[in-house]
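Next come two complexes built around chain A: one with chain B, the other with chain C.
On to the complex of A and B.
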């Protein structure tokens, strides 16, 4: 009993704030009809789920690494674009796979390069210089080889080949696949060999750079764990096979139908995020751990670079990503009245209390959000690495002192966080539409959600995202039906600009009451 | 010290040492004053032609320089907050945009005189600094950055809203600001140039004095260790408020000049991107060096201009890459690195001079 009273007293501010928020929600629900608020709550769940995917990665990264990853919004957007590519243009995806595998192949043999680089001794200036020469050479080789490899792609400048047109055709059910490009001049063997050679050179020079930096030590024997050679063989074979069976593979993957393609797209987006995340962490963020403010600036720079890169490849105009068949059916029984109807006819909407609920937006996305929430929660609470992450959030130095390689966990967490952002982007593609600006608004949402929930708290990210979603959707709904305020004769209709403004206001008020956010850790 | 007791000779020696100590600064000021004339000489334009405000190379260069001066004022104010006081604010663009929009709206829609407008901008700048400072005692570090980002983004949204479009022009921006005739940048480019230059120099000197004053020293102490400053009995809130107010006034003035110079105020000046530009400029020059902000602004604008000219659309991408490279490889900025290396560079110079003149100097 006393402990309960103590708990109440300790969290007085939190409880008062929470009850005020609950009261506000109840008031908001009171003002509209039942069907309206059910739909509004479902919609806010959808917004909350996407926000949560970005925000939770952000909070994990910030909690453990102390890096404010402001590129998270851009990575979210990149996820959407990657998913679009796999979903609408699987042929391009297949085409890209081969050079990508060959590029990776060189890096799977890193121990070998390390060994070779350590044996390269001679004049000091030569040892210092050769990696740069190697890098330059690798750049040249790759520039020519990658250019010569035929990749069927779109052309944002020409209307009939722009991403928007391909999306439109996919929406009507016919998947427009342009004829595959072929090798113009130069043989396939030469080009593929060139890519492989460039990749080897690149990995070798990077190993040499690393060796120079860490006061080169000569290794006596080569230790190449078998896993590395197997990985090399696997990557190489996948690349080669995809190259050899390019056309049949394309027809097969197109024949899979949009539902499977969609799930493949989501998976590829997730993997892209994980890869990008580990790459960014290990090359750009890691040198800057001693200079915290610069990490923030580098993520800012990255986000600018990312947006421009996407603009250069996919073009500036917005386009849509059609929903997959399973969420886009229009059978006789649609809109479905029961859940069974959804599974039978793949209806796009459910009729619930005379209002339509979109299956993809309002049921599928929150469901994925919930699964990710539970998954990450289990990872944090039940596994060894989760334990290390939680300990690291509390006290990083102590974990390091206990002899745990925190740096490796850093890379893992960064990759995980970015992966969740790209997953969110892939999911949001069909519901939000794809544009280069989609990351910006979502980053703001995620930041607000985090600040509300407490910056380093994982459950806080979920609570904050939920609050942001609810706030936005209720304001939007009240913008349609109007709200009866005490001293006004006419119902007040909040205008669209008030939507983001209201969440910002919520954040400022909550931060003023509780500077560490709702569930933030006290220091 | 008694002023009257300084003898003329002592005074002149003091003046000399003051002059010598800031030789680089004097040279830069002289170069900036002479810049329009030199460019007109290079492009073969006569001086009378230049004074009559004929269009040409000189006028264009003046325009570019004016933009740099305005950006430098803006970057300077950001450096005071971030580099000197150590407050990470993500809402700095709002300081600038409030000045710009207020000037534009008051001059265009309300027909106020320039002086009344300036007074209003000053008042608005102080008010918004207080608005930012309200949250200061509660939130620190990253949370302060987020709150300022929030406040600034509300402003950004409001300025772009349709309700304000009659005044602020929604997402197209405020167009056709009517600048008073005597300072019209199109007709009296040279006058505008020297007004901006004078203001920049004045502000820079003021900032230098501020940083070296007891108040400024406390601001530096806050950056280094706020808890210790509190322990020593300073009410850090007031010092932060002073720094914020000074920065806000400077940025609003820069915005005001921006609105007068370009008769257009685009909503971009209120966006997050413009805050990042300020960050970038201070970073290029060196955080906390003040003079770094000026150098950074010059490099930023010239780089942007040059890259846009050469590469067109891809300029932003390249700027981002340059930015990342600077963060990775030039961590203290140009002026910061220069200050760190100054001793080495000086001894290197002396060795070089010794080699040339054949008189090796003993270290």
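On to the complex of A and C.
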């Protein structure tokens, strides 16, 4: 009993703030119909879930690594584009799979390269120089080999072949697949061998660079754990098989239908994020751990480069990503009145308290958000790596002093954080539409959510995202129906520019009352 | 006399500050060596340099006949060096059990050691599920030491264990550390000369980043001149 009173006293600012916010939320019923209120709350859950996916990655990365990953918004956008590609143009995805597998094959043999690099001795200048020469050479080989591999792609410059057109066709239920490109005059064996060679050279040179960076050059003994050889064989075989059975595989994956394709697309987007995250951390962020300003500039630069790259590949105009069949039904029984109806007829909307609720936006997205929230929470609380992350957030040096390689955990966390962002992008594609600008507003939302919830607190990211979602959706709703404020004759209608401003205002007020955010810890 | 740890003329920089300007010391296997010196003399930095947390720019550190000064800190720790940092730096967001569990280097370390740990610090058994924030200062210090005992460590580096604790608790700590020294070697940084005098057999005095004097504790306790000169009023 006394501990409960103690808890109340210790957290009284938090409790008062929380009650005021709850009161405001309930007061909002006064200004509108009850069903409008319910729908608005549901919509904010959708926004909150997407924001949370970006913010949770942000919070994990910042908490453990002290890196403010400003590229998180761009990576969110990249997630959406990757998912779109797999979902709308599965043939392109299958085409890319082969060169991709061959490209990463070299990196599965890293211990071997590491060993070879440590054995390369000679004149100091040569030892310093060869990795750069190798990188250059690898670049050349890959440039030619990758370009020679036939990938059937779209053409943003021609309307009939632009991504938007493919989306429109997919929305009508017919997937438009252009005829596959074939090898021109190059031989397939030569091209594939070239990619593999380039990949080996690239990995070898990078290992050499890494080796030169270490102050102590030790002659390592060769330890190639069997897992690495198995990984190499697996990646190589997958690449080869996909190459050999390209056409039947494409037919098969298109035949799966939009629902399966959509879930594959989400998974691929998540994995792309994980891969991009580990790549960014290990090559760009790791050398800069002692220089936070440079990290900030690197992530900011990455974000700009990412946007331009996406523009170059997918073109400037925005396009839509149709919802998969399972969330897009429109039969006679739609909108569904019961949950059972949703499952039977795959209705896109459900009638609840006389208003239409979109199944994908307002039920599926929040559900995924909740699953991720629980999943990461379990990871943090119940696993050893989660324990190391929580301990590392507080005192990295001490974790290392216990004999734990924190750097490896850093890579894991960065990869996970970026994976969350690309997953968010993939999910948001069908509800937000796809454009190169979609990351920017999300980044701002996520940053505000983090500041509200407390920068390094994982539950704080969830609470902050929820508040940001609620604030935005209620302001949007009041923009439509107006709000009767005291001393004003006319109802006040907030204009759209006030939507982002309102969340900033919320953040300012909360930070004035609680400078560390709602759930932030004392330093 | 077998030497477990030897530090040879080590120089360490933190940022641009030349903190250690030639520290040499030997830690005898078995028993307790005290690292003495005024505030800011470089005692904590010496411990961190041994562990590779602030790697030396010059000089050598030899642990069990193996040079370790170019190794990464987690590899150094894994050789069997336990660290008890100053100010009782336990992981406050983790429970007592997790604080111990995270120190495992092999699966089941904690299960094998818990009997020994709980007999040394009976309080911890009672508090096992509490979060670190709920512990008193003395309990946190005991947990910090217990954490260094979970893995098989041949050397313990203990930084200012008595700082800010009540005399009764310090008595308990002295007993526990003395019991520990029967099995492991300890390098102890201690401001409180009375505590250090009761525990250690050998001593090293550091002044302004240089080791200036070493010897037997028994002789130092009687030598008021040295105590006054290097350590201030004892």
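By definition in this document, the second predicted complex is superposed on the first by the 514 of 523 C-alpha atoms of A that agree within 3 Å, B and C clash if a C-alpha of one lies under 4 Å from a C-alpha of the other, contacts with A are read in each partner's own complex, and residues count from 1 in each chain.
We adopt the following convention: contacts are C-beta pairs under 8 Å (C-beta built on N, C-alpha and C of every residue); 3 or more make two chains touch, one makes a residue touch a chain.
Note that the structure is predicted; figures quoted are calculated from it, not measured.
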item: Fit-or-clash call for chain B and chain C when the two complexes are aligned on chain A; value: fit
item: After the two structures are overlaid on chain A, angle v-u-w for chain B, chain A, chain C in degrees (C-alpha centres, nearest 10); value: 80
item: Partner chain(s) touched by A:390 [first = chain B, second = chain C, both, neither]; value: second
item: Partner chain(s) touched by A:399 [first = chain B, second = chain C, both, neither]; value: second
item: Between chain B and chain C, more extensive residue contact with chain A; value: B
item: Partner chain(s) touched by A:190 [first = chain B, second = chain C, both, neither]; value: neither
item: Chain B versus chain C as contact partner of A:371, first or second or both or neither; value: neither
item: After superposition on chain A, the shortest CA separation from chain B to chain C (Å); value: 13
item: In the complex with chain A, residue positions of chain C that touch it; value: 51, 53, 70-75, 77-78, 83, 85, 89, 91-94, 98, 101-103, 105, 147, 151
item: Chain A to chain B touching residues, read off their complex; value: 62, 68, 284, 287-288, 291, 293-294, 296-298, 300-302, 304-305, 308-309, 312, 440, 444, 447-448, 450-451, 455, 495, 497, 500-501, 504-505, 507-508, 511-512, 515-516
item: Contact footprint of chain A on chain B as seen in their complex; value: 88, 135, 138-140, 142-143, 145-147, 149-151, 153-154, 157-158, 160-163, 272, 276, 279, 283, 287, 313-314, 316-317, 319-321, 323-324, 327-328, 331
item: Parts of chain A lying in touch with chain C, wherever the complex brings them together; value: 215-216, 384, 387-388, 390-391, 393-395, 397-406, 521
